[in-house]
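Worksheet for the structure shown next.
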C-alpha cells in the first residue's frame, strides 16, 4: 500500500535518526544535556566520552582517558600519517584536506594495532572467565596465534624502540587509578599476562608498546575496540595538524618523499618501441 | 655492520622501486615505452591496461575493457558516492577534494561487489577445474554460502532494478568477443551458471547485475579481482566529477542531505541537567 | 659540483626537518620535553597547545582553550560533515575512512568561518591600532565589505539559530579569564564592536555565532587564523567519530541521503536515441 | 505559510535535482540516452565528454580528448600523489582509500596548473578579441604577472625536464585536428604566443610543459578551466591506481617516506624538563 506524504516524511526523518544530538532554533542538547550547561562545566575529554558513550564520565575516568590521548599525538615524519600531512600542504591543500588524506591512512596496519590489541585482551578475558587463570589462557591464545603463522602480536614489540618510553608512565597511571577504585585492574593484569606469555614463547623480552598500554586503558574504561582506533585517531590528529601547520609555514611547493637528487629505482622492462599497430 | 653512505643512498632509491615508469630529464618511459610514442598511438583504455598489466592489449581487448567502463559512471544522487561529491563542493571543496571524499567510500559494500563477484567466479573456476561441471559446482558453492548465512551473492540481484538494464548489452559484447576469439567465454559461462544456481535455490529469478557482468568481463580479460574494484573506481570517478561540477555551478552553500524543513529524528535521552559537579 | 653521498644524505634528512619531535630508540621528546614527563603531567588541551605553539600553556590558558573545543563537536546530521561520516560507514568504511571523508569537507565554507572571522578581527585590530576607536574601525571595515557585495560576515548570524546558544556561555568564560588576567580582552571588545557594527548597518540584530566567539577566544590565546580552522576540526572530529560509530552499530548498507521512496528530480533532456553513428 | 507534506516532499526531490541522469526501476538514462544504447556504441572518452558536457562529441573530438588523457597518468614516485598512494596501501588501505588520499592532493599546486593555464589562455583570448594581436596581448599579460611578483607561469617550464617530452607529440595532434577542421587552432596560437612571450621576457627558452599543452587541447575542445583539473585527475587516477596495486603486491607494512636509517633532522628546542607545575 502506498505511503501517505506524511508517512514518507516521517521515514525521511527516521533515515537520519540519532541519539546523540537534538537541535531546535536556539537550542542544542547533546545526549540530553543543554549545550550551555556543558560549556565551561565539562572538559574536552569528558565531552569526547559523552559523545561516544552517552553518559558523562567521572573526572577520574576522564583524567585517565585524557592521559592516554597525550602520547599518541606524534611519532615523527617517518610515520606515513605525518609524512602525508606534510606533503599534502605542499600540494596546496588547506589544513582540513591535509588532515583528511593523513587520517585516512590510519587503517588496520598503521592505526589498527590498538583496536586489535583490545580484541585480543577481550578474547583472553572471555576465555579465562571471572575465575580463570589469565597466564595460562594468555599463553594458550598467544601460542595458537603464533602457531597459525601470525608474526606480530598487536600491542607488543616495536620495530624502532627496544623499550617503548610511553608504556611505563601510562602503566603507573593505571595502577594509581586501580588503587583509587577508578578501574578494576583486570585489563592491566591481562596486558601483563600477554607480555609474559609472548616473552616466554619467543624466549626474549617483547615489551608492551603504546598500543598495548592504551588498549589496557581503553578496556579498563569500558570502550569498544573500534572506538580504541577512534580515540587513537583523535590523538594522532593533533600531530597531523601540527606537522601540516609547520610545513605550511615553510612555503615549499610539491615536496615529494625524498630529494630529487636521490632517484627512485626503476625495475621494469628496458626501453622498447611501441608496436607499429598497437591498436590492431 | 654499518652501511656506507653509498649503500644507504641505494637503499633509499630501492625504497621507491617501481616497474611502471622511468624518468630522466627530458625522457619518460611507461613500462619501457617512450611516452612520445604512446601519445596518439594508444587510446586511454589501452593506457589503463598498460599501466595495470605491464603490456599493451590488443585493440579488441581494449574495446571490451572500454565498453565495461561506460555503464558504471553514474547511478544518481541516491548513491552515497554521488551525494557526497555534491555535498562536498557546497562546503567549499575544489574538484579534487570532492572526488577524494567520494571515491573513498567506494569500499567493500559500495564499491566492492564487482571484486567479490570476481573472487566468487574464480572460486568456482578453481573448484570445477578444466573439465568440471560448472552448473553443479556453482550450485554447491552458492548453496554453501547461503546456508552459512550470506544474504547477498555479489553481482546478482538489485534492490532497485528488477532487471538491470546494463547487463544484457554487455553480455552481447562478451558473446561477440568470444565469437571473435578475443576471450574464452569461460567466465561468461560461470556467470550464467551462478545466475541459474541462485535462481534455482531461491526459487525466483535473481538476475545478474552490473557488478556481475563487469566481473565476467574483467575475468575474461585476465584482471585480478582487486583491480576489478580499481576499474570500477575509474569508471565511477567520471560520474563523481560530473556531479561535483554540476553542483558547483549552482553556487549553493553547505547543502546537507535533506532540506532543513525535514527535521532529523532524535531518539536519545530527554532533556536533563548537567550534574552540579560533573567533574568530581 | 656534484654532491658527495654524505651531503646527499644530509639533504634527505633536512628534507623532513621538524622542530616538533625528536625520536631515538627508546626516546621520544616533544618540543624538547621527554614524553615520559609529559604523560600524566599535562592534559590533552595542553598537549594540543604544545604541539601547535611550541611551548606549554598555563593551566588557565589551557582551560579556556578546552572550553572552546567543547561546543563545536556536533551540529547534527544536517551538517554535511556529519551526514558524510554516517553514509561512509554504511559503504563499508572503517572509522578512519569515514572520518577522512568527513573532515575533508571542513573547507572554506563549512569549516572556515572561524578562520575568516579571526582574519576579520585581526584586520580591525591592525587598522584601529593600540589607541584607535574599535567601533569606528569595525563599522568602516564591515561597511566596506557589505558595500563590495559580501553577504555574510563570518562569525555573525546563523541560518538556523536566531540566537546561537553557544555564544553567551563562552563569552562569560572570556570575561572571567580577562578578570583573572589570563587574556587581554581586546579581541572580545573587537567581537562586540563587530556585532554592534553589523547590527547597526543591517538595522536588525545579527548576533555573534559559535564561529565568532571561538574566533575571539583563539585570538585572545594568540593562535594564528589558520589554526582556528585546525582547532575546529579537532573539535568536530569528535562528533564525526561519534556519528560514525552510532551509524556503524545499526548495520545498514549503502545509505544514501534520503529514502529511495523520495525520488531525486531529473531536469535534463528528454529521452532520446543515441545517434546511429555517434563515433563518426 | 507552512508547506504541505506534498510540497515538502517536492522540495526534497528538488534538493537533489540533476540534469545528468534519470533512473527508474529497470531504466537508466544518461543525459537522455538509454544506457543500453550507450553501451558498446560510445567509447570511454565519449562517455566522459557526455557526462561533463551534456552532449556526445564527435569521434574526432573524443580522439583528441583521449590522447590528452594518456600522458598525465604518471610521473613517478617523486610525485606526492604517487608516493601517497603507495604509502597508503602499506598502512592497510584498500584501493579506494589509497586513491582517495592521493587524489585529494591534486590541489592548486600539484594538480591545478592546467586549470590555471586555461584561465591564462582565456584571459589572453578575451583581451585580444577576435581580431587582436595575440603576441602583444600575451606579452603584456605575462609581463604584468611577472612584474607583480609571480614566479611561475602555469603550463610553462618544468623543474625536472628541460624539454617536456609530452608536449611536441600532443601539439602535433592539435595541428592535425586543426587541419581536419575539428578544432579552431586559436588556443594553440595563444599557447605559442605565451611561450614566445615568456621566453622573450626571461631571455631564455621556457618551453610549454604537459599542463600547457593539455590546457591548449581542453580549451580547443571547449572545456571550462575547472574541468581541466578534473580531466587531469581522471588521467592521474590511473597512475595512482597502478602504483597502489604494484605496492600492494609487495606486502610491505607501514612504509614511510625514506628508510629509517636516514633519520629526519630535528631542529627544535634542546631536551628540557617539564615544569614542576605545568598546570599551575
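Letters are used for the chains, namely A, B, C and D, taken in the order the chains are written, and counting of residues starts over at 1 for each.
One rule holds for everything that comes next: contacts are C-beta pairs under 8 Å (C-beta built on N, C-alpha and C of every residue); 3 or more make two chains touch, one makes a residue touch a chain.
For clarity, every value in this text was computed on a predicted model and none was experimentally measured.
*Asks:* Please report the smallest number of touch steps linking subunit B to subunit D.
*Replies:* 1
*Asks:* Looking at CA centres, what chain is most distant from subunit B?
*Replies:* In terms of C-alpha centroids, the chain at the greatest distance from subunit B is C.
*Asks:* What whole-number Å value describes the gap between the mean CA coordinates of subunit A and subunit C?
*Replies:* Using C-alpha averages as centres, the distance is 22 Å.
*Asks:* Taking each chain's centre as its mean C-alpha position, how far apart are subunit A and subunit B in Å?
*Replies:* Here subunit A and subunit B have centroids separated by 28 Å.
*Asks:* Roughly how many whole angstrom separate the Cα centroids of subunit A and subunit D?
*Replies:* Computed value for the inter-centroid distance: 34 Å.
*Asks:* Residues touching two or more other chains, restricted to subunit D: which are they?
*Replies:* 8-9, 12, 15-16, 18-22, 34, 38, 42-43, 76-78, 83, 93, 97, 100-101, 104-108, 111-112, 160, 255, 257-258, 262, 264
*Asks:* How are the chains arranged in terms of who touches whom: line, ring, star, complete or other?
*Replies:* Contact map by chain: complete.
*Asks:* Residues of subunit C touching subunit B in their complex?
*Replies:* 4-6, 8-9, 12, 76-81, 83-84, 87-88, 90-93, 97, 100-102, 104-112, 160, 253-258, 260, 264
*Asks:* Quick check: in the complex, which residue numbers of subunit D touch subunit B?
*Replies:* Those residues of subunit D that touch subunit B are 3, 8, 11-12, 15-16, 18-23, 25-28, 30, 34-36, 38-40, 42-45, 47-48, 51-52, 66-67, 69-71, 73-78, 83, 86, 94-97, 99-101, 103-108, 111-112, 160-166, 168-170, 172-173, 224, 226-227, 229-230, 233-234, 237-239, 241-246, 248, 255, 258-259, 261-262.
*Asks:* What residues of subunit D sit close enough to touch subunit C in their complex?
*Replies:* Touch list, subunit D to subunit C: 9, 12-22, 29, 31-34, 37-38, 41-43, 46, 54, 56, 58-59, 62, 93, 97, 100-101, 104, 257-258, 262-275, 278-280.
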